[in-house]
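Two complexes are shown next, each including chain A; its partner changes from chain B in the first to chain C in the second.
== the complex of A and B ==
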């Protein structure tokens, strides 16, 4: 096991040498690369990375360019997780036989996928990886929509959001189903660590990533990634939207250890009404019309209920 | 390789980020790396910008918020100090300006054609309206 990189404060963090390069083709203001940078800079270990098809993959590997300074592979939409799991299995086999070329180096295995590749298309593959107990980390860049292909709804799209396959209009308020609780599903695999992170809470993120990389066994991370194109806000407001999401508890930050021990890692000092989070984004614009106004209260009630549930689970330690 | 057409490139292509052997990339700063021509670091997205950030080091407190929240690795920080902006890779999103906590801000967006020295000379003074 390698040494954990010491990151006490942001100044110390800023001495990191980035292993993710600019001139990738992600939209200006995209949170994907902020998350990827925070993850890669959290460690100095060698990294074996994979991406499932999605914004991150198509934008960072546009032939003849690559934006990755570590081993990185892309195969298909569904199998970012299994590609890394295969590499990890091979690594363990070579280690067992004593045939590693550089046995003194510590290597970590990380897979990235969008919410489409994780919540929908690659769901079975991820579940398999978690169940088989590979020593790897799977990170979802959760922008709650198939952003790469034009904004179709995914099972991460929250209720009331207007997506191209569930558009809002006179007869519909947009997406009808609520987001599925992926962290709980993955925690139910009894994996050693699963957590939710957000790019604006970099310290919380680094702490969770470092813990996850050093734990033996599969780790699942759900990272909120505000999408300037599909959530319809100004590119400069990415961090403002992230702040609103974490402070309104629409996206609570917590971790689940060994599938049962839940810890809330961020409690906002000043709780923001969900209405402010919804109002900041174009995809919820229609909810402020008279006929759909009731949705806002439903939103607030649901967010409060989830927060109550998390707090009670944290207390109960079960 | 960059000149090959869409039907000519190899299937299952492997791109190397660096020329020759690269050891301890995580401990090597960008200026000390031997980037290959396949690394997107050698490309530029400067033409995406409509507005560019201008950095005024007089007001900077080196908090590094801009560094950590820059999506394009365009804020250059060395030895815990913010030293400049990488204009080849900046897409002009403006996040750095939004997260800058100083008053007046140490980073402001100007149109791409603005002369940097003129912008610095006419830098806004402290906004008393804010807390």
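== the complex of A and C ==
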């Protein structure tokens, strides 16, 4: 186990030595880079990183440049999880054989993937990694859409969002299905730790990342990553949108220990109506037309029901 | 965790799969990530049993698909250590995306491919469809004709692939069932001699060197992609062949067994010859010997290294012949067979007078019989005497129904 890094305040946190350089091609206001820096700055451990094909990958390793000051690998769209699992297997083998070059360093394995790479095309690979018990962390940068390819729906796209392959129109309110509960599915693998995090709640994020890096075995993290381009909001508003998501409980923050023990980690003092979250983003604009307005109630009811469910799960301790 | 060595008899009765599994054990692989598929499953099972019995010190990761198997191998190899796996057919097809990634990322992984047909229709038996599917993937491809060679070529594959002037992955092919499940006497190498032949793995650009972080698997668009691919091709053309020759020579010194880029049997004064791969080479050799006994000057050429294609060696072996039959065990689906095309390409700018015809045979494990080969040699003899191809350029042999011939 590595020594847990002590972080006093946001200033100290945000000025930690970067292993992820600001020199990258991500959009202004993109939450991916914020989340990645929060994750990397949360620990002093040595990190072996992977990314699946997607925004983060294409914007941070364009030959002959790299934004990564830790070892990093990208193979394809579906296999970022298995790339890091393979590296972790090599680490175990070389450790056993006494061939690690720096045997005394605490080394952790982390893979990043978008929701398309994780909920859809790479789902099986992640499931395999979680089931096999690799000592690794998988983090979804969940922007609820195939952003790198221009805004197609994924199975993380929420109901009512307009995406290019599920567009809103005269006869459609957009995406017809709500996103699948990836955290529950991963927790069902009986992994030691799974959690949802959001970039605006950085203390909660750091706590969860530090905990996740220090447990032995596979860890799954779903990180909400507001996408200025596809959610259609002003790049300066990323944190405002994040606040609306966590304070409306559209994106509740919680953790699941050992696949069953659920803890809610953030309870908003002033709950915001879901309508405010929806109204702040262009992808939901059409829901405010008369013919689709019923969807706003559907949203509020569903968010309330999920919150109720999470609270009951937490109380029940099962 | 200590591991034990095995004392092998000088000659063991092994099939091709177990021979490959033994070779994998002996080179002390650091990570094997694998997924079972007929007919290569026993390689993975054999390796698992070695692990269970304490003969393996490395990691063995049983993943959930062949795509994940090669993905895990890529991650492990980039981390910095010796890596190998095995597959066949549909599993190989599922791996294809990652095969290109492994070679493009210059990772010296060894893949045992037990050749099998590709669906549809689904078929578990041996042909060369999967082997042919891999031929543009940037891997080195060795072809074993029997269990002994499946064993030997594994050592050679590791030695060549891991050389720092190469750093490319390598496949060792053997025929499904005909080689993989047919037991024969295999001359062994001791554990120590086998490991010493391949040597200790020397990492390069290893992710686990924490003081020297590396970025693997970058984006390179029209400004740099071509240079990467051109360099990979250059290294296959210029660096790999000398390393293969060195490995063949070193292996001969160690074992007395001699391998060549192109294997020639009864070719010294041959006028006609077939060119083929896999277990068919041995069948063709038997028939050629029969015909030699009848005074017909026939020979057999086996392709040992499929990629990089032994262009020069093929010219040397074939240019003075009168008639050549190229035998392809994969459906070309709308073109001449791969071997026909490669041989034609090699001979085109020479002054050869050889008449070249192509044969497609043995799909889905259909036997290539000695009778087929006798007939085939007879046709080639007619071509040799006529000084031209007297049949159509492409013929299917051993298939039901009226004769199937094209071009």
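Quick note on the criterion: the second predicted complex is superposed on the first by the 313 of 318 C-alpha atoms of A that agree within 3 Å, B and C clash if a C-alpha of one lies under 4 Å from a C-alpha of the other, contacts with A are read in each partner's own complex, and residues count from 1 in each chain.
Just so it is clear, contacts are C-beta pairs under 8 Å (C-beta built on N, C-alpha and C of every residue); 3 or more make two chains touch, one makes a residue touch a chain.
Because the structure is a prediction, the values reported are computed rather than measured.
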Which partner chains sit in contact with A:290 here, chain B, chain C, both or neither? Use first/second/both/neither. neither
If you stack the two complexes on chain A, which partner ends up touching A:34: first (chain B), second (chain C), both, or neither? first
Scan A:64 for contacts with chain B and chain C and give back first, second, both or neither. both
What is the contact status of A:96 with respect to chain B (first) and chain C (second): first, second, both, or neither? second
If we overlay the two complexes on their shared chain A, which of chain B and chain C does A:238 touch? Say first, second, both or neither. first
Touched partner set for A:316, first chain B, second chain C, both or neither: neither
Chain B versus chain C as contact partner of A:48, first or second or both or neither: second
Looking at the overlay, does A:76 come into contact with chain B only (first), chain C only (second), both, or neither? second
Enumerate the residues of chain A that count as touching chain B in its complex and touching chain C in the other. 46, 61-64, 66, 68-70
Residue positions on chain A within touch of chain B in the complex are 10-26, 28-34, 37-38, 43-46, 60-70, 199-200, 202, 234-240
Name, in rising order, each residue of chain B that touches chain A in their complex. 1-2, 4, 9, 13, 15, 17-18, 22, 25-30, 33, 37-45, 48, 62-65, 67-74, 77-80, 86, 88-95, 97-99, 109
With touch defined as at the start, can you tell me which chain C residues reach chain A in the complex? 1, 30-31, 33, 57-59, 61-65, 67-68, 71-81, 83, 97-98, 101, 105, 206-211, 213-221, 224, 228
Where on chain A does chain C make contact in their complex? 46, 48, 50, 57-58, 61-64, 66, 68-76, 78-79, 82-94, 96-97, 99-102, 105, 107, 124-125, 127-128, 131-132
